[in-house]
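Chain lettering (A, B and C) follows the sequence in which the chains are written, and residue indices restart at 1 in each chain.
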Amino acid sequence: MREEARTLGGPILTRPFRVLAALILVAAILIVWRLVAGLGATTALSDAYPWGLWIAFDVVTGTALACGGYSMAILVYVLNKGRYHPLVRPAILTSALGYTVAGISIALDIGRPWIAWKVPLFVWSWNLNSALLEVSLCIMTYTAVAWIELSPALLERWQKESRLRKIAAKARAILDRSLVWIIAFGLLLPTMHQSSLGTLMVLTGPKLHPLWQTRLLPLLFLVSCIAIGYAAVVFESTLASVFFRRPRETEMLAGLSGAMVPVLGAFLAIRIGGLAIRGRLPLALAPNRYALAFWVETALMAAPLFLLLPAGRRRDPGNLFRAAMMMLLAGALYRFNTYLLAYRAGDDVHYFPSVPEFLITVGLLALEVLGYIVIVKLFPIFSGAPRRAVPT
Amino acid sequence: MRVNRRLLFKSLAAAGASAVAGATAQGRARPVAPPDALGLLYDTTRCIGCKACVVACREANATRPDTSNAPGRLWDMPMDLNGQTKTLIKLYKSADGRERSFFKAQCMHCVDAACTNACPLGALKKKEHGIVSYDPKLCIGCRYCQMACPFNVPKFEWAKTFPKIVKCELCRHRAAGASLVATGGFLRYPAGKGPACAEVCPRQAVIYGTRRELLAEARRRLAANPGRYVPRIYGETDAGGTQCLYISHVAFEKLGLPKLSDRPVPEVQEAIQHGIYQGFVTPILLYGLLGAVIFRNRRKAEAQEGRAGKEGGP
Amino acid sequence: MTPSDLRREGPGQAGMTAVDRRDFIRVCAMALAAVGLPYSAAAKAARALAAKKLKPSVIWLHFQECTGCTESLLRTSHPAVSELILDLVSLDYHETLFAAAGRQAERALQKAMKENAGTYILVVEGAIPTKEKGIYCKIGDRTALEILREAAGNAGSIIAIGSCASWGGVASADPNPTGAAGVPAILEGRKIVTIPGCPANPYNFLGTVLQYATFGTLPELDEKGRPRFAYGRTIHEHCPRRPHFDAGRFVQRFGDEGHRLGHCLYKLGCKGPATHANCPVLHFGEVTDAWPVGIGHPCYGCTEQKLAFRAALHETVEIERPTPPDTYAPIRSRQGRVSPVATAVAGLVGGALVGAGFMASRKLGGKPPAEGNGPGEGA
């Protein structure tokens, strides 16, 4: 039995809205400064570390966090676990918003954004060997696809309003017919680019520390992305229940976490197995920060495995939330380590994001959260009725 | 449903296997340098560190002197290649001071360059004479080339509002239209049209010519002076070969030249990418399969709900 | 009567006519070498000039000047040389060297201008005042402006010798009460060869005149009319103390250790890096090191209008085109910067968020409320 999704309703201009808006405003001002003064003046990037927070976090980790839509689509549409259906729309919303924010981050990070329009259009200039070309085309396309996948929710509401009714109805009809192929596309694209985000770092060759450099990078990135996707869904769902005073979806989340266990196991097996086969495990025992980072990352990935292994523990919302948080941190850390820590262009090179870099990232995240809050209030995203007026 | 899931996993496994197979198979032929590949040969035993090459490069490329490290901004003293420095003389000194060598840093113009593989729109591309050339009209400033280059050559103009990638291009802008002529055993341009550094060097410590000629010259020098040099030409096979070659009296790692295998940097990554995406076969197959599975599942779901008398649809 | 005529007859000029042809060629060679012409040109010059009718007429005007340029031309260690110089050209008017005065001199000037109309070399020494119609310099009741304009009218070529004639010199120093200006500013549009310097190095002048006299051409000039062979480089570019500059060995005060060792005078305000001249390679008075830096005083930029009599003597000047020092970049250098503020804030905020998350998760713990019933829990 499927519950209708409905709008959350409630006031838009709440205090959290204002706080988030303030953060976005600060970021907007800094963005203008970044565009005018250049990257050198606003970021801590340098020739030694040309990729920093915005790539490692906003793009690489951010898109993985936004892969809730991807993970849910696999469960619901491919593996046909219909009972998770209520989790799909919120996840797609996060995907759409997350990828849009990642797109903004890319636009900010590249040094010559006025040439960016040539990437999708200058087909004759495409360097088909470039993994980055594939990643950027996929991300551009998937952002569009995510919004298209979300559009039924938007159209549902617009169908009720007189002015847009006809257009909405027509669009809805087209969508209904082609939704299968759009969803399939929405499954293909993340598979392609999330794995290619791993392939990107393969090209750095000897500049990437051997504990991270491997041909298996694409596979590891893909598997960890799926795991992060699920964790993100648990995380969001719990937060939404709490902040919007909605019923908990613990039953569904418990089932979901059951799916996370094999994924985590697969990641750990591939990671450690891969190192063992190539004889690199001794590097993990060296007394340096690389070994330490490896252990922290692995521990954060392994701990949720044990937390979620006993079926009973999956029903404890606190436990679920902690496990999800750890998985998110693990996935993020794995990406951070691959893109930042393990990348060494020299012996005496340093990077730590500057304050403006952080503030812009925070502002973009605030934009994502704000978008989420506003859209769930105005459009039918959540299933199941709220029980009382929503303060946030 | 079971059949579908099994089929899905099987095909995913097949795709994965083909990717791994692609990554291990040497199906991709290694690129070779074009016959008229232009390059440089730098001999550490001849360099006196006069830096005429640095100054000549500035004039030929109209790059501004970098006084940011100089007390009182009195001298042009960059500490490394950067957005305004395309070549630089560095000094290696051993800890006890007994071993010394100068080292000229500039783009290596690799035969199979990592940067040209990385660049999404091909702003960095090997053009005439195998010179790795930069076209700002196709550059989005993503800096993937900086991540990819094992020699850390491409530099970025961080301080500019409209930045570019900056690196040696063997003064190809001077050569426009001129042709190579046999000059003293090497094919060269008329004076003023070749790489400025090689033309100005008072000791012929850095010379230019075609890669073939330079390799022959380097081999001749190594053979004629057995005790003097490290018995290897750096760039002959390193990273698949580079067009800028080095012979030295000290170990190459001490000069900052990384220890690289003979495998070109892009080989592994290309194997993975081509293994998966060759002819778009795998993506299309996967797409078709996913579509079929989802279609089947939706049909089933609708049928179920139809039976239960409720309306369905995602 | 010209100085040449006087010389043959005048008293006290012992051994004049017994001047060696070899010496003659040697001087020609020196002067022409300064212009960059080969040694073989010297013999050609000697032959050309021996024929008296090829001696170019030179009319030399003096205005607001100290006569230093003339004196510098005459100050040679070998008296015979100045005579030889006078023998290479026909010096038809020169107030300092004339025996004549008054109306005789005036008539000589008019005669020279008429007889050599279109071919004479007009040499101007000294600045020309322009305020109040130029009354601040008058010779024979005519202003310098008038005299110059008249003389320039039929001149074959015009050479401004010294900074005063080139751009105004000391007379034009602030507040420039007479409106002193150089010849190019007065005779706008005409090609003027300028030989700035205070004084100008005589061999720069000589080389130019000799080339013109022998080959009828002027040396290559820059945009200010200065011969490139002399003014194409800055002092800094061929200074003998340059290695000290490149090594960072500077004199800090007059008389200190560095000064005694001959270190670079940049910090004492040497204007060498911004001054175009060839003093380091062509000393004055034919005495080695007879130029400011050579004797231990910073150059004050006497050829440059922006520096001489304008910039403070001991104020340092910007380096036009910085070049590498004599030190080297290391094989590996430190790159990138880490802001302690960013690190601290990031650490605090990150830690706070993770901590908050864990605290929140505790509150969520325990049996979940039955779904869909009863009030939900706030966090």
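Throughout what follows, a contact is a pair of C-beta atoms (placed from the backbone, for glycine too) under 8 Å apart; a residue touches a chain by one contact, two chains touch by 3 or more.
Because the structure is predicted, anything quoted here is derived from the model rather than measured.
In terms of the distance between Cα centroids, subunit C is separated most widely from A.
At the centre of the protein atoms shown, by the Cα-centroid criterion, sits B. Comparing chain pairs A-B and A-C, the larger number of C-beta contacts belongs to A-B. Between subunit B and subunit C, the centres computed from C-alpha atoms are 47 Å apart. Computed from the mean C-alpha positions, the centre of subunit A lies at a distance of 31 Å from the centre of subunit B. Centre-to-centre, using mean CA coordinates, subunit A is 67 Å away from subunit C. Across the assembly, subunit B contributes residues 80 that each touch 2 or more other chains.
Shared contact sites, meaning residues of subunit A that touch two or more other chains, fall at 46-48, 345-346. Residues of subunit C in contact with at least two other chains: 332-333, 335. Contacts from subunit C toward subunit A in the complex involve residues 332-339, 341-343, 345-346, 354, 357-358, 360-366, 368-369, 371-372, 375-379. Within the complex formed with subunit C, the residues of subunit B that make contact are 49, 51, 54-55, 65, 67, 70-71, 73-80, 88-92, 102-103, 254-256.
Every residue of subunit A that touches subunit C in the complex is listed here, in rising order: 44, 46-49, 238, 241-243, 245-251, 315-319, 321-322, 325, 329, 345-355, 357-358, 384, 387-388.
Per the touch definition, subunit B reaches subunit A in the complex via residues 1, 5, 8, 16, 19-20, 23, 80-82, 114, 116-122, 136-144, 146-148, 150, 152, 155-164, 258-260, 265-266, 268-270, 272-273, 276-277, 283, 286-287, 290-291, 293-295, 297-298, 300-301, 305, 308, 310, 312-314. If you check the complex, the residues on subunit A that touch subunit B are 1-2, 35-41, 45-48, 50-51, 77-80, 82, 85, 88, 109-113, 115-116, 118-119, 122, 125-127, 129-134, 136, 152, 176, 179-181, 183-185, 187-188, 191-192, 195-196, 199-207, 215, 218-219, 343, 345-346.
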